[in-house]
Structure formats: C-alpha cells, structure tokens
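The structures come next, written out as structure tokens.
Here come two complexes built around chain A, the first alongside chain B, the second alongside chain C.
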Partner chain A sequence: MKPTKWLTVQSESNPSLNTLPNCLTLCDLKSDNYWKLIAAEIPRDTNFRPRLKVYKGIGMISEQGLPGMPSAIESFYIEEPLPKSPIIAVAISESIYFYRNMKPYFKYTIPELNVEQLEIDIWRKLPIERPENQNDLIEQLKTIESCRLTWLSQKLCRVPKDERDSFIRQHAEYPLKRFSTIVAMKCLQKASSDYHPASCLVVATSNSDVFIIDTQSFVIIHQARVCYYQTCPSQMAVQGQFETDFRIVISSRHGNIYILHKSWLEGKEICKLNNPPIGLTLLPVDQTLIVTGMDKQLACFSKKGKRLYSTDLPDIPICMTPVHLPHFGITLVAIGLRNKRVVFFHNKSQVDEIELTEIPTAIIFGRLGQEDHVLTIFTDSGNINIKILKRTANFEGNVMENKFAMIEKGKVGGSGDNETLEIPKKTTIFVEQTIREKEHAQAIYNSFQVELWRLRLMAARETVEKIRLSDSSISDGATHAPLKLDAEVGGMGPQFRLFLSITNMCTEREISFLRILLHADQRHYLVNKSIANLPVLFPGITLKLDFDITAVLDPIDKLPPPDLTAEKAIVRVLVFKKNHAKPIIAASIGMPESESPLEN
Partner chain B sequence: MGLFDKLSKILKFKKETMTILVVGLNNSGKSTIINHFKNTDDRNSITVPTVGFSIEKFQNHGVNFTALDMSGAGRYRNLWQHHFKTCQGIVYVIDSSDRMRLVVVKDELEILLKHPDLEHKRIPILFYANKMDFADALSSVKIAAALGLEKIDDKPWHISSSNAISGEGLEEGVQWLIEQIRICVIDAKKKRTRKDDN
Partner chain C sequence: MSNDIICNGNAANLPSLNVVKTPIKYEMDPAGNFDWLLHIYYARQDFSSCEALIDQLLDTQLNPEYLYFVRGQIRRNQEKYYEALKYFQLAINLNSKNIENFKEIGKTLYLMGRYEQALEVYREAEELSNRPDNEIFHFIGEILLLSDNPNSRQEAKQYFQKAVEHGKMIDSFKRLAELHRQEKDYSKAVEVLEACLQISPESTEILTEISVLYLKINETQKAFDKLLNVTDINAGCPLGLLAFGAILQSRGDVDGALAKYKQIHGCDNVETSELWNNVGLCFFKKKKNFVAISCLRKSVWLAPLNYNALYNMSLIYITAKQYASGFHTLAAAISLRKESAECYMLLGICLQKLKDNENALLAFERSSGLVKPNMKSPLVFLNSAIFLYQMGKTEAAAVNFNNFVEESKEFVLSTELKFQATKLKAMLQQSNCESLVESLGRLDEENENEKDNLPLEVTAKVMVTPQKLNN
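For the complex of A and B:
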C-alpha cells in the first residue's frame, strides 16, 4: 500500500453537521492565529432553524440561530487599522447578514425588482372587493408567471379559498416588493495588499444579476447581468482583484457557463455542458476553469471557453474544492465522489486518493487551526473528517508516475501518441549484410526467384504424379481398405447431375473420415458444392451421392467456350482420407457436350 | 591527568556542559520554556515566533546548557535533523491544548525517531506537555498514549506537564534530563575506555 499523504485527526467526540459546500468558511475568527471553521447547519427537518456553528478543530465552540436558510457564507476583512478581525457574511434569500465577532451588525438587502402593474392593480382592488369576487382576481394573478410575482402573491395563490379573505386583510397594508434570491456569493479582494487584504462581495441572484457590494459602505460598486437572457445561476467562482482585474465565472442550472470580466456589463456565454455542473473553480495558473459535471467528467476550459482537456471520473462527483499548494507551486482539485472517495487531480491525472467510510457531501481546503493544508470533509451522516497534509508529502512523484502510466496505457491500446518502439541496436553483421544486399540486390532477387519457381515446379510434378498413380476407379487397398467408385453423368446441359456411388470392397473393415472433392476448371464447369464429408462406410455398403455441375456457356451465343475440347471436358473426383494428402482414388469423369439451354 | 580531571570536577572548576535540542510544532512554547530557564535579567519580555533557530545558553543545577531553540514552523522543520548528531538530549515540546494537531506531533516524532542519526543512538528525550493551564488541555498520560510513547524502547524518555509561563513542571523535567545525559555520557566513556583497553 502506498503511504498516505494525509494525517487523520482523531476525535473522541463525533460532531454531527449537515451542511452544503457553499455554507462553509475558514477564518481566524478570534485573531489568535488559530483558524476556525464556520459552517451553517442545514437541518434535514424543516421545523428546525438553520444554525451558524463555529468549530475549533473538531469541537464546536459556539452556535447561533440564523433567520433563514442560508445560500452562502463568506469570511473576509475590511479596511481598518490592525489588528483586523474577520467579518462573516451570510446570504439568506434577498439579504446578506454581516457578523463581527459572531454578533450580527448589519443587514444588507439587494435592490428590489419591479412589480408587475397588473399585480399592483389587483392588490389595490383585493381588500375592497367582496370575498366571492376575490377568486376571479386571484385567477388573474395566476396568469402572471409565478417567478415574476411578489412573494406575497405567490403565497396568496397557495392559500386555501376559505382563508384567502383573512390573508388579504392581514397583508393589505404591506407594500408590494419583489426581490430575487441570492444564489451564490463569493469574496473578491479589492487590491492585492499586505496581510489580510480588504474584500468586497460578489453576489449572483436568481434574476441573473451580478452585484459587487462594498463591504464597508454597503453600496453596489459594480452591477452586471449574467448574460443577455434570463437564466438562473447556480455556482460561481471569482478570481483576481477588484481594482486591477478580475474574472467571474458563473454556471447556470442548465449547464451553461458564463464569464464576466472587469467593467463588463453583461457576461458572455463560453460553453454549454450537457449536464449540470457540480463544481466550478478557476485555477490561478493560466486562468483556466475546471468544471465537474454529473456526467462523471472533469473538464478544463481556457478563459475563452475552449475545452482544453477532459477526463473521466470513477464515479459521480458530489463536491469539489481547489487545493492550493504554494510550496509545490501547484493547484490540485479535490473531488468528493459517490463511491466514498476523495480524489485529487493535477491537470488530468489523478495524483492521490482518500478513502472514506461514508459519502462526502461538502469539502473545504485551507488553513485550519495552526496547520496550513487541511482538508475538511463532511459526510452524508454529518461526520467531520479532518485530514492534514503531511509536511513530507510530495505530489511530484505521483505526477510523473501518472505520466508513465499514461504512456504504458498508450502502448497497450496501440494508439498512444507517446508510444516508443523498441529498436535493437544495429550489429556489425547486420550492417555488413545490409551493404551486401544493397550491392547485389538484383542477383539475390534473381536467385531467390529461380529457387522459388523450382520449388513450385517440383511440388506440381509431385502432385501430378500422385494423382496419376491413383487414377483408377478402384483403390489398391494396400494402405487402406479397397474402395470402388462408379460415376454417371445425367442431364443434357448446361445443368448436369453427377451421380457417384462409392462401395467399400472390404469384407470386414469399415472406412471412416472420408472426403470427396470435385475439381473442374472454373472456366468450363461450375460445381456448387465441391467438397463433401462422407459418413462411415461399412463393408459391402454402396453410398450414393449426387452433385450439381453447370457447364459454362457464353451468355451471348449460348455456346461452350472455344477452348473446351473433348479431352479438357473432365471433372476430377478425388477421394481422400482426412489428414492425408495423397488421394485414395482420383477419377477423371468425361463430361458430355452441353446443349444450349431450353428457351422458356 | 585523570586525577586532575576528577579533582577539578569535584571542585567544580570546570562546569559540565550539555547541548540540548529543543523541538516541537510552532506555537507550542519552546522559546518560552527556554526563556524561563534564563536569568531574570536576560529574559525577553515578549516572545516572537522563532525564525530558523537560535542558540541560547543558561545554567541550571550547576550545568551549562547550550539549547538549540529550533523553529517549529512547517518550512523550518527540516532544519531539526542537522543538529541530531551534535546534541546530547532532545526536548520535545507539545501544545497539550491543540488536540487537532496531535497527529502532526506524532508524525513529526516518528520522522525524528526514524532519522539515521538518532535511530540507534541512545539519547534521552524529554517531552513537555505544555500549556497545562488551558481548560481543554489533555493530560500527559493521554498525550503519551496518543503519541504511542510506550513503543520507544531504545531511548530513555520522560513526559512532564508544564506551564512555560509560570514555570510549573519545568524543573522536574530538566532534572531528569541532566541525570539521563550524565548516564549516557558515562556509558559512552565506558565504551570508549573498553575500546581503548582492547
């Protein structure tokens, strides 16, 4: 077994936490250089409220309730005199809640959207209308696409009929407001400065808006659309600095991927995947984009959307995180798979693997506690696995190993580009022989041809001799049991039927494994079945066979070919024993002259 | 000559000197422990993370100590091994409140024990389970069990809980270390004389 590169943190208590990949962040919460894990617990039972939990190592140190279901959590610093303390931002539906020292201090709400005029009119009428007429108005409300309705109207459409009146009365005074939901939130550093640079927040909403929000003045400093049409973002990755240059990559729920650069007002679609993406990350090297999808694929795109490579994953990916290893100068991608493994990819080669006992659901890599390279894996039953990268771990070897493995694979498949052929070293004998062959090429060729023809001639002579020797209707019986062959040709032509009768002349021995071969010149006669295996021939028994033979006639004048003379009009019948080259009987049967075919 | 040596030792003309190597993960309290052994005048009022290593000298129980205070930061840990040959004793400082990193402590200890310079050398190792005053600190027994110290059979080792700020538990450990280094030195001398006799 390969020595593992990861140390597993053992814990006595087993905390249980059900969370989502976006609802995790690592930060130096107390500014004591001991990094904590902050995670939102998403309760499986909707009766419980989600909670924001802080973990020191494995042990939970604080928790508090959240006002709604969070979609993303981020931690960042703002511009303030040292020592800086981190700020936690929690995105919940249309608002972002800011926490400092785990105390909420600001709630930011994204700009509201226009409410449909029809909806405003309906709500103006609803409270003054009689209850029996309200239903018609609600039916009118339902004609508007539900995503364009306010939250209040959406709820009204779902309220049972008898409760509608009280619901309307209760909410009549509320101002109609429509918000989109924050679906993704990421930090973007303002400028690459010293320690703990200040960041702003990048927010993508369900209305396909992208807002960049200043975290100190809480104003929108840049606003853009994901693309020219309406789409719903699902994942987002951000890289760069706000003041110099940055890129935002957004994937939609349908598998489209959009890119946004600094000062762009509208994103550009760079590609469309067949499957919804699971994870999306921008690599710092070459600004390439790594996407894992439901189709068990890990694909890498250039910043212009060109697919650079893709590789198959062993199973369906569930979560993904980039693993920055600055001391190696590489960035790996850690992917949690459904087959209870976490695999690490460097470019398209797998460099490491961690086996788990449960399916990983969320994964985060970064500084935790006092260790820089910690991978925190959450499993489906809520367990937290903490893996610390060993100081002595080295991925270089694996990268090389994988390259060799790929070359090997190419050899087996026979189509690898890197295939190397094994060519033995040239000896002096070989070189001399080559020179000789070059000089006397013609002589060598001629002598070879002469010998070849001589061999063929000898073989032909021997064959003719053998056939001539056994050219009789009765075999000699010296080596085999004696056989008698009678032949009779029926028909006028051009179709003939050859009747053969073979008799075992012996009194006590049966003959087995006999074969019969009909041989005729193809230009004169066509034999549709030229070989037949014979059954066992018992003594004194006569076996009758028949074969169809067609004489070849000229298609125009219906005459036999001119070279068909009487002595050439023969069909040879050869009787063999299986696995013996010498025929037992070789009979030549003279064929009668063929008549022209009967006209219909 | 031998008589003079013995005489000077009895009269403490020439003090014993011992070289010890102080290792451990970053932020475990190595520099603070050494600081505590120094004279009150020489002590640093603030301790900053050590870069590379620093050589500190102090006296304790009439012995001149030369302590190599190694940095515990991950990128400097590969410097530890360069001093394994020269040191007579090792002090391994552990932050007993950092449960998460006990695996890292164990890993580093295994690397240290497997190093060719130490593998077959009988050298005393003193473990300080530091930060014992912390509420979530593990006891020295638990740490010894977690690190698998009972498996070290070719080297004398001792673990003592300590608090480097108040100095609690430090003296006990150092006394043990002095005794063990003396034993090792005598053993080494005996071996040498035996060799000379042969």
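For the complex of A and C:
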C-alpha cells in the first residue's frame, strides 16, 4: 500500500447535486480569501428547475433557481478599482446571465441568426390566407431543413391540423427570430496582470460561431467561425491572453478538433477522432492538446494535429480536468473513470490514482477554502468528495514506481530476465525414438517404402477390379469412347435432384447415339424419367443433366422403409451406346438419408 | 417608475443601467435546446441517461433531429441495426443536408454486411457533401476493397489516396500502404507510411509495418531503427519484437534474438508458428539440435502448411542424422512448393544417407533442373557434383561442378565451401579417390548458409499476420 498524496475531507451531509464539469467554478465570492465552489445543478428530469448553488467547504450556503438549463458557468473579474469582486456568468440557451454577489444584473443575448427569406414570406402570407390554403404553405415550410427554421415555424409544423389556424392567428405578430444555443463558454484573460486580471468570455454556439464578449461593455470584440463548414462544437479549451496571443481549441460532436488563433476569422481543422471527446485541455507548457474520448484513450496532439502519444485508459472516461501544479512546474490531467477511480496522468504515464465508492461525474481542481490544491469530485449520486493535495506530495518519483507496478500487472512487457520460453517438454519416448531413428534410419525408411509400395499395390488391384466391373466414373476409351461422368445429389429429401455431367474426354472424336439410364429399386426410390437420349457429345464439352428422384417414405410415419440400408441406398447410372449391350459407364450413386417432408 | 428621484422638485429619470430588477422569472424557453446535454451523456457512454433524456425531450423539443441521431447511434451500439436505421432515417427526414446522418446510415449498413447499399449511401453522401470528407472516401474505399472486381480495387486505391490527402485518418494510410504492398510497390508503401508517421509518430503498428517493408527492400538499418523505436514505445508489441528478434538473428546475435522472443512470450500468450520457427533456429545455431527440433515441431504443429518451418525442420533433422523424419518433412515441404530446388537437394542428400541411391539421383537431377538463372544457388550444383562423383559418374559431376563455379562467381564463398570445392576439384582430376568426410562437412556448411537468409524469409511471414487481421 503506497502512501496517498491526498487528504480526504470528511463529509457527513448528503448534498445530492448532479452537475457537469462545465458547470463548476471556484472563486473568492465574498472577497474574504476563502474560496467558494459554485455549481449549477443539472436536474435529471428536464421539467425540474435547475439551480445555482454556492458551497463553502462541503456545506451549501446559498441557492437560487436558474431560468433555464445552464450549459456552462464561469467566474472572472472585470476592470474596476480594488477590492474586486468576482462575477459569475451562466450560459443558458442563447443568453448569458451575469451575477454579482449572487444577484443577477445583466442578461446578454448573442446575435440572432438570419431567418430564411422563404420563411418570412410564408409567415407574411399565412395570417391572410384561407385555412384550406395554409397547408400548402406549411408544406413549403417543411422543405426548409428543420434546424434552419425559427422555433415558431418548427412548432407550427408540429401543431395538429385543426389547431393550426388559431396558432397562426395567435402568433401572427410574433417577431421571427432564430437563435443558436451556447454550447461552451470559457473565460480568457484580457492581459496578464498581477492580481485578479480582467477577463472576457469566449462563447461557442451550436451554429459554429465563436464570440469573444467584453464583460463590461457587453459587446462582441471578436467573432469567428469554428470552421469553414457547418459543425457543432461540444468542448472548448482556451489558452493565452486576449491582448497578446491566444488559442482556442474546439472539439465537435463528431470528433473533429479545430484550432483558432488570435485574429483568425475561421478555425482550422487539425484532426479528427473516431469518437467525440469528453474532455479537452490545452497544456500551457508546450502548447499541446490532450483529449480523452469514448475509445478509452488519452491522446496528446500537437497544434498541427500530430498525434504525439496516446495511452490506454483502464475504463471509460467520464470527466477530465487539468491539474496545474506550478510549484512542480507540471500540469497533470485528472480523469474520472467509470470504474470509480480518478487517475492522474503526467504525459503518458499514470502517476496517481484515487479510489472512490461511486462513479465520478464532474471534477474540478483549484483553490478552495484556504487551500491551494484541492480536487473536488462530484459523484453520480450527488456526493461531494474533496481531496486536498498534501504539501509533501511529489509526483516525480512516482512515474517510475508506477511503471514497475504496470510491469507487474503485465501491461508492459517484462524485462526479459524472469521470462522463460516454455520449450516443449521432451518425453522419454521422444528421446528414445530419436536415438532409435539415428541408429536405424535406413531400416525405418525401408519399411516405410515397403508399406508405401504395398499400399500402391492394393490401390492398383482395386482399380483393376473396378475396371473389370466397369463400375467407374471414367470409361475406358479403348473399346468405346472415353467418357467422364460426375454426379452430385442435391436436396434434403424426400425430393432429390441428381445432377450429372458427362464429358467427352477424347481430343478429336465426337460421340453420338448415347443413352443414359437410371436404375433404382422401385421400393426405395422413384425416378421420374429413367431413360434419356443424349445429343452428340463433342470433344471437351461437358453436358449437364439433372433428374428428379423421390425417396419412398412410409405414408404414416414418414420414415424410409426398414429394408433400406446404407448399402442399398444407391441409384445406378448407366451410360451406353445404342444397340450395345455393355454399358460404357456404370456408376453407383450413394443417396443421402432422406429427411421427412417439410410441413408446408 | 418607483425609481424616480426627486431633484430640486423635478422628477429625473436615472439613466437606464440595464438592471434586472426582479429575479428572473423561470419559464422554459420554448426553443430550449438540450442537444449539448444529450451529447455529453452520449460521449460518456451513459446510454441510460441518454435514453431517459430523449424520452423526455421527444415531446417538447421542437427540432428532434439530434435526438434521433443519438438514439440511432445507441441502437447501433446495441446491435439493433434495423431500429438504428429507422432513427437515422427520421433524422434525415428533418434535415436532408446533414452529411453525418448519411454517414451513420452507411456505417450501420456496413456493419450489417449490406455493402452494396452502404456504398450507395456513401456515394450519395459524397455527392451531397460540400467539402472533401475523408471519412466518406475511406469508407467507400473500404467497401470497394471487399469487391472481387479488379477495377474496384484501383478505384478503392484512388479513394484511399483522396482520403489521405484530405484527412489524417490513420486507417486510410494503412489501407493505402497495404494496397501498394500487395502490388509489390514497396517504396510507395514506405512513402505512405512515412507520411503517416508524421501524423502519428508513436504508432507501434505503423512502425512495425514500415520496418517490415524496409526489410523487404533490404534497408535493414532503417528497419532496425524503427523497430528499436517500437520496443521503446511499447515493450510488449509482439510483432515488433518478432521482427526485431529476426533482424538480430540474421545478424548472428542469437542471444539477443532469444531475449526478444522471450519478451514476446512474456507479454501475452501469443503462440505463432513464426515465433517458434525463429526460436528453433536460434537453438540450432547454438548447436542444440534436440531443442531446436522440438521448437520446430511446435511451429509445424501450430501451422502445418508453413513451408519455411517445414524446410527448416528438415534441415535440422538432416543435421541431427534423423534422416527418416527428414525425408517425411521434406516430402511435406515439397508437396507445398514443387518448384524449390533446395528442397530437392536436401531430399537427395537425405535419400543418399538412407542408401536409396536411385531416388537420390532422381532428386539431385530434379534439383539441378529446377535452378533458374537468377536463383543464385551454387550449393545445389556443388552437392549434386559431390553425389555424382561418389556414384562414380565423374563426367556428370564435372558438368555440375562447372555449373557451380559459374554460379558462385558473384559470391564470396565461405571457407568451408571453398575447401570442399577445391577438394572436389582435385578429386575430380584424380577421379579415383573416395571421400566420405566431405559430405559431412558439406552439410554443416550448407546449414550456415541457409540460416543466414532464413530469418529474413521469416520476417516476410511476420507480415502475414496483420494482413489476416485486417481482412
């Protein structure tokens, strides 16, 4: 048991808060140097009202309802004389609500989107049209993709036919407006200053716009597109200062990753993951980008999209947060996993691990209370776990230690010293055989050869016997004509089909006046057509024929007659020439056992 | 307004401060869109939450396109392909311009094994797409590869080429390299993989593959460097280790090679015929014939149709004087490759030892008959010459010897070989002396030679494995 690096804060209350990593922020709310945790609750049921909660330590000190489902919250400072007090921004749908001292004071709404001209025209016509003509207009409305319509039209398309008229009258004067949803929001410092620097907000919308919003004048100070084509962002990470240089990295719902630099009007796609990421972070040191996604991998990309390294995670990642440790000069990544663990990675090696009793759903690292390095973990049942990093904790030595631990687990291949090849065991019989063979190789070989010749002799004898009985599939060409007969039986029974192919093996002579006769015991098999005249067979040509054969089954118990044994289950095929008594080929075809007939 | 302030008797309005006076009234935005929340749950693979959220939203959310999309993806994950298709189709009905919907349908059809339909959908998506989408290109290529038609193979190649140009999907690079390799265009394949390494420098799979290709074009040093890289990144990559071991082995570092093979054995229980073949050869080099034979037997047992393993095994049998077993193994090897001169040569030696001179003669004749001008196998002639000489057929021996001299011109012969050759020459001139010693020495020398090029052949085998996996 290795000593843990974290002190656990005992929690006795049950706060029960369901939240997301983007809906957590830490700030010095009361300017009393005692940092609070602010979390937006995401109710499991969308009919419940989301709430904004403030925690001091593990106890909730205030709570208020929100006007909608928050997609992100952020805390920051603005330019004002000291003492500064932090501002909380909550992104809900198309608006951002600004709170100071936990009191809302401004609602900012992002610019509306263009409404399709066709839609405007239709809405101009709708209130004055007769109800019977409205349907055509609505059908026209439906030709526009649903996502490009205003909510009013979307709703109209879903309203039942008989209520449409009243709906249209009711909303005739309603302004047509279309908004995108804010899907991610981060703050970006304006300039690096010593104490509580002022920040602006970076906002990504579902319409793949990126806005940088000044938090005092509430104007857009920079606007860009995520990419040249339409995409939908999901995660965002920001690094740098607005006035000097900054980078915004955005991942889309389909796993594309885009980067946006200062003064760019359009982002650039740097890579595409096979699965959408759950976490995205920019490392401050070498400007690399870390993502984890559904494929249980932690991958690091350069700004140009080069996959620098990737490592496998033990389970499905749920949430991720960067862990800045300036006193070590490193940034770790903490990842909450499905297997109730939080793992810490430094580059690609795992340096620490915290075991929990529940699945972590949201984690945040930073200053909390009066401690600088606190990891706050929310679990799926809503409990808060607070872990304080010990001042003595050191992650440097741990990398090695962990590597060894992984070797023990067999994750990394062994060093080779303690591994042995399992060379096949040598039994005494094997050894004796070898020795005998060395001494008597010639005798063994000779007896093998003798046996081989004996086998060949037997085969030859059998062949001669078969030829004598003309019971073979190839006729001897000396007397009549060289013919080859292949037979194949198809079907499960009781109906079978016998496929025959007859080839003239002769190189120059054609064969004519051939007849084929099928012969079978009447008690066992019925042959529809038992004799057939064959056309002239030209050299090398294969003639294909098929015959229907029905197995006789007992009408009562659907079983073949009892005297039908495997030896007797044959159909003889005879090929002969007209006016010749001796067949050219006679073949016996073993019939498979018949299944009982299918019941329709 | 109640905020009016009385100043000197006049009512003055305060400048509007945009102050929200009353607490914001709670009302669900009619256009409230929870796609982002759904996406977070989906990315976490918390499918039960997704389903619950979709159920809640289907009635209220005005544009349920993404809801259908996610539900389709979840259903596909659960292998309910028909339902998945249904939901993707619903999403398309709402937005027929979203390529992603088409792509997912294509992917689902592909998983269902309906390649023709999937191809159609992807082609449609390609037409609809307003940008070159490498994923579409990749999948079209992937489906075209499944077809037997040689033309579609070329088309697939073009699509992979396009995918590589427009995106950074590692699989596309791999497929393209594979196609180049199958066309024996190794330098092109290397080029493609090097480009891929630019994107993903630490991919062990690519590194292994590229090193195998380097071996093919005889750039052993480059292959070695890449493999060193592989084992650096992931000490437990079986293919990398096998190839690495094979290179060490071909350089004569048997212990190093064995250490690598041990590591393969350590990382997980990969039992391959190639591994045991190489291990067997290592022990053979160490003159531990007994162990070598048991290793090779295991190799042959794992893959009875592995020609290289059979050949190596027969070689060791002959060295270990187990001629009867050697004969059988050779028979098996010859039935796999009827055109191998070396095999017949070994068979000749074997039969000679078994005192079946008639057949030995036939085998030697066949072997020297099979030698093609560019095969560079002087050994076949030398062995034939020695045998013929022993049989007393001096003239035929002399012909073979001359052939040997001809063939071996370009080679730096080992001392052993030179010694045997000069000895034979002398004896052919005397043409009355008998030597039994030389045939023994001859065998040893020949083993040396074989072993030098075998590991390389073995690495060629290594490649077979990834190919199988891909198909």
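Quick note on the criterion: the second predicted complex is superposed on the first by the 400 of 600 C-alpha atoms of A that agree within 3 Å, B and C clash if a C-alpha of one lies under 4 Å from a C-alpha of the other, contacts with A are read in each partner's own complex, and residues count from 1 in each chain.
We adopt the following convention: a residue touches a chain if its C-beta (ideal position, glycine included) is under 8 Å from a C-beta of that chain, and two chains touch if they have at least 3 such contacts.
Here the structure is a predicted model, which is why all the values come from computation and not from measurement.
**Student:** For A:S234, using the defined touch cut-off, is the partner it touches chain B, chain C, both, or neither? Pick first, second, both or neither.
**Tutor:** second
**Student:** Regarding the shared-chain residue A:K438, is it in contact with chain B (first), chain C (second), both, or neither?
**Tutor:** Only chain C; A:K438 stays clear of chain B.
**Student:** Does the superposition put A:L368 against chain B (first), chain C (second), both, or neither?
**Tutor:** After superposition on chain A, A:L368 lies in contact with chain B alone.
**Student:** Chain B or chain C: which reaches more residues on chain A?
**Tutor:** Touching more of chain A: C.
**Student:** Classify the contacts of A:I220 with the two partner chains as first (chain B alone), second (chain C alone), both, or neither.
**Tutor:** In the superposition, A:I220 contacts neither chain B nor chain C.
**Student:** Check whether A:L308 is in contact with chain B, with chain C, with both or with neither, and answer first, second, both or neither.
**Tutor:** Once the two structures are laid over each other on A, A:L308 reaches chain C alone.
**Student:** So, A:I278: does it touch chain B (first), chain C (second), both, or neither?
**Tutor:** second
**Student:** Looking at A:I570 after the superposition, I want to know if it touches chain B, chain C, both of them or none. Which is it: first, second, both, neither?
**Tutor:** neither
**Student:** Does chain B (first) or chain C (second) touch A:R158, or do both, or does neither?
**Tutor:** second
**Student:** For A:L113, using the defined touch cut-off, is the partner it touches chain B, chain C, both, or neither? Pick first, second, both or neither.
**Tutor:** neither
**Student:** Which residues of chain C touch chain A in the complex?
**Tutor:** Residue positions touching the partner: 18-20, 23-37, 39-40, 42-46, 49, 52-53, 56-57, 60, 62-63, 65, 94-98, 100, 130-131, 134-135, 167-170, 198-203, 234-237, 241, 258-268, 279, 290-291, 293-295, 297-298, 320-325, 327, 353-356.
**Student:** Spell out the residues on chain A that touch chain B in their complex, using ranges where they run on.
**Tutor:** On the chain A side, the touching residues are 7-11, 33, 57-59, 327, 368-372, 386, 388, 390-392.
**Student:** Which bits of chain B are touching chain A when the two form their complex?
**Tutor:** Those residues of chain B that touch chain A are 25-27, 74-75, 77, 98-104, 106-108, 111, 136, 146.
**Student:** Given the complex with chain C, which residues does chain A contribute to the contact?
**Tutor:** 20, 42, 44-47, 49, 64-69, 71, 92-93, 97, 104-107, 145-147, 149, 151, 154-155, 158, 179, 181, 183-184, 206, 228-229, 232, 234, 253-254, 271-272, 275-278, 293-294, 305-310, 316-319, 338, 410-414, 416, 419-424, 426, 430, 434, 437-438, 441-442, 444-446, 448-449
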